[in-house]
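Chain nomenclature is as follows: A, B, C and D, assigned in order of appearance, with residue numbering initiated at 1 for each chain independently.
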Amino acid sequence: MRVGVLTGGGDCPGLNAVIRAVVRKGVKTHGFEFVGYRDGWKGPLEGYTMELGVPQVRGILPRGGTILGSSRTNPFKIEGGVEQIKDNLAKDGVDALVAIGGEDTLGVATKLADLGVNVVGVPKTIDNDLSGTDFTFGFDTAVNIATEAIDRLHTTAESHHRVLVVEVMGRHAGWIALHSGIAGGANIVLIPEQPFDIEEVCRLVESRFESRFSPILVVSEGAIPKEGGDMTLISGEKDAFGHVRLGGIGDRIAAEIENRTGKEARAVVLGHVQRGGTPTAFDRWLATRFGLQAVDAVADREFGTMMALRGTDIIRVPLIEGTGELKLVSPEEYAEAEVFFG
Amino acid sequence: MRVGVLTGGGDCPGLNAVIRAVVRKGVKTHGFEFVGYRDGWKGPLEGYTMELGVPQVRGILPRGGTILGSSRTNPFKIEGGVEQIKDNLAKDGVDALVAIGGEDTLGVATKLADLGVNVVGVPKTIDNDLSGTDFTFGFDTAVNIATEAIDRLHTTAESHHRVLVVEVMGRHAGWIALHSGIAGGANIVLIPEQPFDIEEVCRLVESRFESRFSPILVVSEGAIPKEGGDMTLISGEKDAFGHVRLGGIGDRIAAEIENRTGKEARAVVLGHVQRGGTPTAFDRWLATRFGLQAVDAVADREFGTMMALRGTDIIRVPLIEGTGELKLVSPEEYAEAEVFFG
Amino acid sequence: MRVGVLTGGGDCPGLNAVIRAVVRKGVKTHGFEFVGYRDGWKGPLEGYTMELGVPQVRGILPRGGTILGSSRTNPFKIEGGVEQIKDNLAKDGVDALVAIGGEDTLGVATKLADLGVNVVGVPKTIDNDLSGTDFTFGFDTAVNIATEAIDRLHTTAESHHRVLVVEVMGRHAGWIALHSGIAGGANIVLIPEQPFDIEEVCRLVESRFESRFSPILVVSEGAIPKEGGDMTLISGEKDAFGHVRLGGIGDRIAAEIENRTGKEARAVVLGHVQRGGTPTAFDRWLATRFGLQAVDAVADREFGTMMALRGTDIIRVPLIEGTGELKLVSPEEYAEAEVFFG
Amino acid sequence: MRVGVLTGGGDCPGLNAVIRAVVRKGVKTHGFEFVGYRDGWKGPLEGYTMELGVPQVRGILPRGGTILGSSRTNPFKIEGGVEQIKDNLAKDGVDALVAIGGEDTLGVATKLADLGVNVVGVPKTIDNDLSGTDFTFGFDTAVNIATEAIDRLHTTAESHHRVLVVEVMGRHAGWIALHSGIAGGANIVLIPEQPFDIEEVCRLVESRFESRFSPILVVSEGAIPKEGGDMTLISGEKDAFGHVRLGGIGDRIAAEIENRTGKEARAVVLGHVQRGGTPTAFDRWLATRFGLQAVDAVADREFGTMMALRGTDIIRVPLIEGTGELKLVSPEEYAEAEVFFG
């Protein structure tokens, strides 16, 4: 049996660990051969392949990035894209695909599965916002990097009477902010699910100073002020790529706090540092086990499924479960962090 | 309401995070007062207390160790011990206890609960071998430290044609070896649950060298050879404390491999490095949530329970569930690592 | 003999290590007593002291920040400030001062020494721009943090065809950018000493993409464009504290590159993360040895001196040597990094 | 001009950084071509080469190990070895060699230079015991790894009333023990240059316990007891390779302390973890600058020289200076650490 493997979407520590596990177990246990498709769905679309066997996956377990490359190419947005993919798979003699990716990549996989392509999915999102699985790999790495940054800021905040704002990833979901805020002992955590009131934020900042300690705020990049809230600086310009530039939300909140409270406030923007580099042990273990289970699912011909973590088990769920709905931070989960505010 | 808190057994990163969460939420949400009992069950036994409030828990979240101290004192092995504890709790005006510890400490808690003491337990074992919970805090830290060590050894093993043996914690259960072995890409993992055949180990070592790579072995401190196996060096002398000394199992396996294969073999013994220092983000998050839930259990007067992680939820289970039986690595779980052997 | 100790200026990993060494050796070898002056020169100015002995310095070696607090108070800018300091020293029975700080703090020390105050200085600047010493403590920590960030960005840059800009500390001197740029394998390093031409930067960015690799730029916060250079975005607004806000130079260069080359560009702003937290082994060793030597200089009554690293020796130089002139990156030193550009 | 490059001796973080700098600057500035000789002097001896150009050195800067491999082969111990080397260099069209290694590898280089081979040396020893240079690369990495281990042990030592012994590298010189002991705040440091008295060690251990703290000892692998000292356990058996096995000096000292003081004592043996993995920023900077200077020395035809760090400058010294005599810890340098003993 010949199996194609591809990775799509943004960078995420653990991608290489999945690829390695798929190939190592596929070769050893099932006697499969593999084809590496490059740059996400662009690979099968354009027949863009690379050799993929045990020698190619040697030494990649601890490495960030993906040896297969990635892209956001969507074959459903390309005239005749699906036919091209089917043709290329047939030409390459590929019977089944393992697609590793997030909402978009697995969304394509879901539709292709409906159209008869043999595909199993491995969920990937650094933001941890995919439904159907307890955790996704890459998330633990991002949370640890953010937590280490917060740890380092504590001494500076305390010795120097300054407000420090840490902007972390999370466009739609606040998981990274929530977990790193709890783990780092942040004094305020702002997430997209809970629009913030800048006046209340400033009140918390000032009450923290009154007890002679400096506040550290952790802010998701997608955090937003309450509607009607007076925070003009937030309506920043967008660049050619549609992103708010020259100061994300972290910079803007720091500026607001400085203007409103008169306290010096500084932002740290970790950006892509959170999604590169070597994965934590947890992410390597999770990614490896997703890979092992995915190749077994191929062997079992359980196509149209996605791997998911439930407790300590890796199970198979319908692809649609993972891509149907974003997993957001609930008010109850946010309340756990609020105990430590101020 | 006055609540006592104690920590027992060996060191484990996250103990301070539990204490902090118990106190912070207890004071803020429930209006509790706290008494710190020092050195495990010795504290309530001897009325050995310390002040415990919000100021005492400030800044302790990222710190290893426990501000309360610890011991292995067992009141049931002391004449009149239980009565003394009851008397001291009464004298201190303590209505309920939060006991943070492993098999032994929670075993005492279980019996005291039967005798009418109001106690809730928080499970603690770096070895991750307590039943009833998906993970215990401290384990993720230990696995990351072991994995980083294995990462560093890979380049040396490859450049210098040498066998490297990493001895990790795990007297009865192989969880640390299994997880760090998978995460670090070890070539052989030996755990207490699966007695090893030294000849088979040497065969794997040699086959690894034949493919021109040097092997890295991860070995639980409690790994044992198969009965009847010819490994005389293992029957080492015991010291005054009953531990095999002057070379644990890691040293002994390295010596055997060297003697049998003629390849140079070296051991790394991480020892207590694995159980000290700052906890990972995961362990801080888990420990904090155990603490939050434990103090809520006290408020709900759900005594005789232990906190447990199930998926991403913290639930309460009867104390007996956690202390009844060790959670061991199953043959199926071990087989996941075996795919990568050799 | 009673000796006062104070720390001034911005945060810098290693301050506590100096304090500990001064006290430990002062007590053990010289039989000194110590007075901790709080918040830099504010301490002796206002008689603001804390107890300082062996118990106070226990456990502080690996901790960031300073147990003495800090400030930028300058007694020479305060009417009668110098007299106040002399009076307070006399009142506290303090014969000599150890002043730990940068240009400003040691500048005050220099003038006070001229006015007859017994003072020895320990140089402190995270930017490594003090003359008279090979290195200052804190610098190695900052460089390591920046280097780890660059390491993590490499995989993301490569997998995702993106320009990544890392803004590091260095308002006047480019040492942190230079060292972390060399250590991290950056493709372009921009420092204050070498005004940059944005067009040349964009050419390097494009030539890097042509060889199919994504560029990583390391930029000092004080980097500036060549005069007459067309880079309008740089003339950003200043905030109430006089700092350019809502996007420092890193954000602005990323925006320029995006606009000019059409390549997506993202900035990482490490900010205060670089100056907080635990010091590296090198910084602890250097800070400890500065402290040991400083207290010996007090014992030898060699006042008006500053400790300095020369090779592997700690020597004493006149205070004026350290504070006279900034140590900048020379064109030859910059040329070493340029070999790796593009 | 064609230049050969080789690496010899034990593993050392930074080797790849030297190779990369030599090649990058050699190609860009001097227009050199390169030949990689594999496995140390075995490479030119047996004509065992690999391609070495800009593509081969891409991405290797942060990696431990050496892409050229290494060995301890000594051509002077092989009949006709020197002639073979000269023949192979001629056959490969190699005009000059860059030899990267320690005492042995540079010792060969020194003799070959006398015999007319064009060679420049780059000093490499993780133990930092080469004369003629302030520091060697790899040392800073080893010291940081040992210091992090000591940091982690502090909490365990304090919470659990236990003696912890950390065995670090250093067969002849105590630099790693000295620096990590100072940086980690060890209570006792034992090095080969200062034979220890086990009774005095036990006295320090006990006095430390009396002040209610647990002691941490850092011990060089080459530490030795004073002659006539009663420490029978040290006369351990040797294995087939001539190393004392089944418990190095760390294990033996722990056993002695346990037997003599009745306190539980545990050893941590970091072993090869100290010499593998990614180099620190300092080591990458130093290794890179050694490489840049070495290839310039080749261009200047300054053969028979070795690169050396003096202050912040890289200078060229005669090869014999580096290999003549070991650099040992002086009594004065040891005394700096002794201030913190007990």
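Couple of notes before you dig in:
Here is the rule we go by: a contact is a pair of C-beta atoms (placed from the backbone, for glycine too) under 8 Å apart; a residue touches a chain by one contact, two chains touch by 3 or more.
Keep in mind it's a predicted model, so treat the numbers as computed, not measured.
Common neighbours of subunit C and subunit D: there are none. Minimum number of contact steps separating subunit A from subunit C: 1. Of all chains, the one whose Cα centroid sits at the greatest distance from that of subunit A is D. In whole angstrom, the spacing between the mean C-alpha positions of subunit B and subunit D is 34.
Separation between the centroids of subunit B and subunit C, computed from CA atoms only, is 40 Å.
Separating the CA-averaged centres of subunit A and subunit B is a span of 30 Å. Contacts with at least two other chains are made by residues 151, 154 of subunit B.
Put simply, subunit D touches subunit C in their complex at residues 21, 24-25, 28-29, 59, 61-62, 134-135, 140, 143-144, 146-147, 151, 154, 179-180, 182-185, 278, 280-282, 284-285, 288-289, 292, 310-312, 336, 339-340. Interface residues of subunit A, counted against subunit C in their complex, comprise 10-11, 63-66, 69-70, 145, 148-149, 151-160, 162, 164, 233, 236, 239-241, 245-247, 251-252, 254-255, 258-259, 262, 264, 266-273, 275-277.
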